[in-house]
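Several structures are given next for inspection.
In the two assemblies presented below, chain A is common to both, partnered first by chain B and then by chain C.
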Partner chain A sequence: MRKNFLAAITAALMAVFITWLPAPAESVSWTAIRGARIVPVNGPVIEKGTVLIRNGVIAAVGPQVDVPASAWVIDGNGLTVYPGLIDALSTWGLPQAAQAPAQTAGRGAQQPPQLPQQQQPQQPQAQQPQARSRGPQDRPGTFTWVKAADQVQPSDSRLASARNAGFTSAVTFPRQGIVAGHGAIINLGGKTAGEMVVLPEAGLYLALRPSGYTGFPSTPMGIMAYFRQLWLDADHYRQALALYAADPVNIPRPAHDRALEGLMGVKRVLLPAPDPIQMERMVKLAADLKTPAVLYGVVRGYEMAERLRATGTPVILNVRWPAREPGADPEQEESYRELRIRDLAPTSPAALSAAGVKWAVSSDGLETPRAVLRALKQSIDRGLRREDALRALTLSAAEIYGVADRLGSIQPGKAANLVVATGDLFDDSTRVRMVFIDGVRYLPEPELPQPPAGASGRGPSSERGEDQ
Partner chain B sequence: MRAIHRILPVMLAAAAWGGENDSFLLRNATVHPVSGPAIQNASVLVIDGRIAEVGPKVAPRGRIRVIDARGLHVYPGLIDSGSPVGLAEIASVRETVDTGEIGDFNPQLRALIAVNPSSEHIPVVRANGITTVLVTPGTTGGTRGASTAGLIAGQASLMHLDGWTWEEMEIRRSAAMQMTWPVIQTGRGGPPDLESLLPGLAARRVTFAEARRNQQLQVQKIQDFFDAARRYQKAKAAGEAIAPDLRYEAMIPVLEGKLPLMIMAAREREIREALDFAAREQVKIVLAGVRRPGKTIDDIAKRNIPVVLGTPFVTPLEEDDPYDEPFTLAAQLHKAGVKFCFASFNVQFARNLPYEAAQAAAFGLPYDEALKSVTLNAAEIWGVAGDYGSIDKGKYADLIVTDGDPLEIRTQVKMMFIKGVPVDLESRHTRLYKRYMARP
Partner chain C sequence: MRAPVLALTLFAGAACAADVVVIQNGTVHTVTKGTFRGSIVIRDGKIADVGEKVLTPPGARVVDATGKHIIPGIIDAHTHIALDSINESSVSVSSMVNVAEMLNPESVSIYRAMAGGVTVCNSMHGSANSIGGQNVVFKLRWGADARGLIFDRAKPSLKMALGENPKRQGSPQGLQIPGLQSPQNLRYPGTRMGVEDVIRDAFTRARAYQREWKDYEARRARGEKALPPRRDLQLEPLVEVLEGKRLIHAHCYRADEILMLLRVFDDFNIRGVTLQHALEAYKVAREIAERGHAVSTFSDWWSYKVEAYDAIPYNAAILHRKGVLVSLNSDDAGGAELMRRLNAEAAKVMKYGGLSEDEALAMITINPAKQLQIDPWVGSIEPGKDADLVIYDRHPLSVYAKVEKVFIDGRQYFDRDEDMSRRPKIEAEKEGLRRKLQDQQKQAMPQNRRPS
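Moving on, here comes the complex of A and B:
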């Protein structure tokens, strides 16, 4: 009797348990986009098909997909579904003041007096010019402990305009000094900063222009020597820590060094390479650092394709094509060299694709996210294939940062980051109807007026307010 | 070089022997008067420092020193139309550099009184035949305008490169008022810097609009200064009681059109503005440091404005300019009918002045004009052609005796006379030469 009673209690409890446990499973949210043209990027285009999303992850894609009755169905008739676009080198989602010093400080301390102080910087030490550094031991301009993932702000007004242009993810990097800190792969939507972060460590951003400090190093050769020393120091630090851990009694305790701590387990470094000479230097530097490199800021990519393919170095293309500065001196003669770079820079994407170099795209310096697509359209007009342009904005970026298992194409198992547009993305008349980020739908919303990009407020001002 | 050592003792002995140190007869030379064709086997008679006679047959007057210059050539002394020689000794030692006074307007400064007659550079500059220099008070380096030089740097003086004191060196204490026309400086120039194209890396540059505004402010300052000087001039002329001001006082000859403004202006835009300014203010000007006059050439020629050219041994201003752009400028000006002379705008390299003219001659400038550009033209531009610039009767005997064409780099200057007085051609260079030749 008592046994039965216990069994009954257990059964009852179990029943309670069972009814309680699967409760979340029952609230599975399904979303389906039906009857749309689907461009999965990793496979052939599906002229009329369905994308099924389950809890923010793509569950199925194809011409025929069984859609559960509880699914929220979106009629995709006449619409095209793309994977969400990725800005491979960005500052979206980060406090904008953080990038101001890097943009404005030139050699030495040429801080313009009108530097806008919009926000209190989160890293005060990153803002103040440090005391004069005398050598590598002072760790000049080094911010390896800074992580973009810690600074992400869902309130960044640029996120909405990025989504309006079809961007759902960005690889966002802090910008200061010469070792700027760790980038993060973020989704451009989410209620909290934590929700936005896809991968907290995307790579370490290195620059070759000293800014925000005075003293050593102030030349490219000094900076490159400093990078080498930093990596050697990190290696030594690692060994010293290991020895100390093995024998804390006899081995002296190594001094804690946050700059070196930040170098442990760096997956890749981002190095600037505007032209072929710098590219050679950077490829060699990365080999010395024994760290894979991704080159950014590439301007003369049209001359670099063969060598990049041979070294297997991926590239983040700057698609702010060089142009005559608005308001430039009307009597200033432009050199043939300058005009040539200006003419050929937009052919870089086609050259890189033709050579088989992996490349992605950065919105850096462009006033609006939509300008990225327009810049690529220029390249398409100069011989770039549309599918290559799309791949650079999606799967290639995911591959470069090692997140192709989660982002970059419309494939079951990947995050439901999608763009639903009225036509081909690179056509001017095309409008983005909605984007999905982790399965959550975002509709285009009127944008807030943008603060001037960076602090300088210079650049193609005609593009400002394009999407408003 | 060795020849100098052979001839030097002769000259010194001659000097010791002669009664009057500034009278002599130079015989059997080829005389190049510059003002006319060369005369073979001719003589130059110098009495009391002035040229008394030039010709094939000249008889010595009284007991006078006779110098046989067989196989040698006689030219007038060369004139450098802009150099801070004597004002600057060692560029890196501030205490030895007297150019470039602080302040935008310093018309009251006179370059000559600051000249150090014992400067080591003076004999070096003389060695290549330069007897006369327009010594400039402002810094003249750079072709994009001297931002640190001030706008009106002071009075440039014409001086001889010999004398115990500056008074002895003086030809004309105030030969020109040195001025720099403000330049729109955007910090640009040179090849495009690709890294500056990268956002986030771009060093802040001055925009054209900002630079133009800065330049307009400077031009306004000049205008204000001239207006104030004119008020001073009028008040003084009217006999009103005014506080004396050396700066405005120094401007009066400029405003009266007696003293030329030597305006440093390299490019078309500055030249155009300077020309307009001169026309508006009714002042006499000389353009200096001209590099790229562009369409203003015809205007310069039409208005008879002389030009002082700097060294052609520079790279072209613009990346795509032809390599010989600095070399052909003189020929271009000559073709348009512009009168010009050469200046070194340098201290120790002032000795290269003859080769500046030579380079222009190699690139289209008629040889005679090249020679004039470092002699007679310069004397005319600085208003001393009555006394200097050619070998003509009545002019001062500023002569060089050479073994060939002075524009030719291998030519040696054998003798030099300033106002008929022989000048020592030894310099730091010859001393070092001797010293190291004597090394065992």
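Moving on, here comes the complex of A and C:
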């Protein structure tokens, strides 16, 4: 019986192998963008050249590239080709839901499974059971078993608007509780969720969102103590599992704990650090947890640059530059410090680049993906070099998450994620003509509402529907 | 790359060594070695020499203190300033949290307290739980980062609290929390006896935990393969208390609960506790003195809560005369208002208790230093100690006295004249920024209205 089964498997495998290995020439799809200005990011700009795509991967790039006769050729005259932009900290592609409070998530199998908020979008928040954590043993606000890769939805309406702005990838994270779950690196195009995921394990998102009075931890310091305890518990769990594996007869089997299981092999943690004070705290925390860190939500990067460089920690900038709230009391005077932060925040990118800090950008808090580019344009006006701004949106983001071998620049062997625009990406008048994701072309969709007639011509209406 | 950095550091060190300051011809209140007209030599951040006649090294910076008074930097044994979070009130035993992690070096309270002559403070966890979090002792080195503020040599400590504060959240009526369906008994304990139970239970668990680790170490020493006990961040600080490696600051008011606590400490062999507030301590002064515990209290604050009705302004003096080590503190949280006037608080014990000038000053300098076990380095003006010094324009125990200069580790951190002269410049900068940002916002307005 067993022998027959093996034989069957072998035959099946052989069959698959035979059909797969000699890929017939007809199934190769070639695309070439010819005569365009090419900004590869990892090398010098090619003023007039060709990008050749083979089966969704960049096959060649340069001033002179042999284009196969069967290739679909796109005339790139007057257009600029960039690598696809990457949002380094996003929720794109994930079901949108209100952020859940840092409630008790339950520990291991001891409590009935409680789906995180994001999986129950139709339930109003008030009906959520408000479990009160009485200590670290309840694993409060912990959802380490949640993986963004399991939740990606190609139907998310934000994907199209992100593509319209030139984004082709995002690092997308679940956001509930204080240990929110594992992020995934996704492409912003594809027919299925599976097609979208580039890398399912991008890191673990941690938040310092206290529960208020409703349970432990109710303060940021409580949360930090809890993180430390959680990591120690995971370490202990690992030791217990190893001992049990070595001697299952004499050593009792450790109780399964899904929260701790989710902490095994975490590559990096994302920690919030808007200012130098929090940076100091988070860098120390990461060292204590013995886990590499990426700092997010950085606002006062302009005064953190040197210290960040010294720690070698990469950061994800919050480019929603601080502004006076629209409804703020005009009589309420802002402090000298607040005014200084408002003034200097947009200079953070230039300062970080000058210091040699690895930084990327998040769309967090911005209304539209296009606003990311507008925010960086403000920084360019305050001294940021355009190539540094572009690098942050492409290769630096890929490097921070360890996917620079696949994403972030126009280089043979990398995924054919490209933006084709009418000019410099950071210019207001520039339009995105098309984006390629894994070699598949997407045309910008109309953005609503339309600008009034006679407006300065902004908006994609003029070029929409070209190929449709 | 490393070599030039090292060279720079060495050079900076050498520059510091040459940086000698002499404070000349002032009234020096050493607190421990009498008061006289004389001078202080500061070298490498330490007090090098002090006396009626000292040798002024060549090249030294001279600060003329003629007509002025110099005291050691004030030490506040009980504050909550410069902390981004203070109270992990969700659990009855929150010893796993550490306020040092929440130290905010940008808190302006640091500057204000320092401008009032305070150079060291013990910023503590709040009093919502029977056993609270870990505290932090720091020097008010305005401008340093959090790491640079912390006074490393201070012994670690833990906050505890008795009475109304830890029990209030467990009241049968509960605390009304918005969003919760009904009031519920949120947290044990709800009574004073419950508070005692929580403390006894916690230290009992800590003892068991300590034993568990000792057993494990013994088994490992015998070569046995064993799983180490799960590390428990809540119990580890309590074990340190049991082993005499961590001090306790216990918030308390009533004589009966103070006695209760003394007995609990007797049972667990815990020594060297500082009772905080302790407004009824005068009733049990002998019991406190016998055990060698200390008290840090207010000069004349009472009736601000039900537990404070039986307080008297003679408390500090009575305790001191019975042999208890007494300090006066501010308990400031936000504004550092009382901290800036601790010299006046000290003066009150002369008025009410008839203590001497030195005894009064000791209650805000050397006595809190002893309670925090930092007295080998700070708390009095003696050669070898850190040059933490405050220059007043008149006798520091006068309510009219103003701080003119503050030195911490020999470095001048405050100068009243400089502070006053800087203000118009900052005001002008602020106005400029305000206008610039307003203009920018106006320019951005039409763009914002466009659909995007």
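Criterion: the second predicted complex is superposed on the first by the 386 of 468 C-alpha atoms of A that agree within 3 Å, B and C clash if a C-alpha of one lies under 4 Å from a C-alpha of the other, contacts with A are read in each partner's own complex, and residues count from 1 in each chain.
Please note the rule applied: contacts are C-beta pairs under 8 Å (C-beta built on N, C-alpha and C of every residue); 3 or more make two chains touch, one makes a residue touch a chain.
In this text the structure is predicted, and so the values were computed from the model without any measurement.
Undergrad: Once the structures are superposed on A, label A:253 by its partner contacts, choosing first (chain B), second (chain C), both or neither.
TA: neither
Undergrad: Between chain B (first) and chain C (second), which, if any, makes contact with A:209: first, second, both or neither?
TA: A:209 contacts chain B only, not chain C.
Undergrad: Please indicate which partner A:272 is in contact with in the superposed arrangement: first for chain B, second for chain C, both, or neither.
TA: Once the two structures are laid over each other on A, A:272 reaches chain B alone.
Undergrad: Which partner chains sit in contact with A:229 here, chain B, chain C, both or neither? Use first/second/both/neither.
TA: After superposition on chain A, A:229 lies in contact with chain C alone.
Undergrad: Could you tell me if A:240 is touching chain B, chain C, both of them or neither one (first, second, both, neither)?
TA: In the superposed model, A:240 contacts chain C only, not chain B.
Undergrad: If we overlay the two complexes on their shared chain A, which of chain B and chain C does A:218 touch? Say first, second, both or neither.
TA: In the superposed model, A:218 contacts chain C only, not chain B.
Undergrad: Who wins on chain A residues touched, chain B or chain C?
TA: Ranking chain B and chain C by residues of chain A touched puts C first.
Undergrad: In the overlay, answer first, second, both or neither for which of chain B and chain C A:329 touches.
TA: A:329: touches chain B, not chain C.
Undergrad: By the touch definition at the top of the document, which applies to A:290: first (chain B), second (chain C), both, or neither?
TA: neither
Undergrad: Per the definitions at the top, what is the overlap between the chain A residues touching chain B and those touching chain C?
TA: Residues 336-337, 458-459 of chain A touch both chain B and chain C.
Undergrad: How about chain B: which of its residues touch chain A in the complex?
TA: For chain B paired with chain A, touching residues are 184, 186, 188, 191-192, 194-195, 197-204, 207-209, 211-212, 268-269, 318-320.
Undergrad: Please output the residues of chain A touching chain C within their complex, sorted ascending.
TA: Residues in contact with chain C: 130, 132-136, 210-222, 224-226, 228-229, 232-233, 236, 239-240, 243, 251, 276-277, 280-281, 323-324, 334, 336-337, 339-340, 342-343, 367-368, 370-371, 447-451, 455, 458-459.
Undergrad: Which of the residues in chain A end up touching chain B in this complex?
TA: It is residues 91, 99, 102-107, 110, 112, 175, 207-209, 272, 274-275, 278, 297, 299-300, 318, 320, 322, 325, 327-329, 331-333, 335-338, 341, 364-365, 453-454, 456, 458-459 of chain A that touch chain B.
Undergrad: Once bound in the complex, which stretches of chain C touch chain A?
TA: 84-91, 94, 96-99, 101-102, 104-106, 133, 145-147, 175, 177, 179-180, 186, 225, 227-228, 230-234, 426, 429-430, 433-434, 436-437, 441, 450-452
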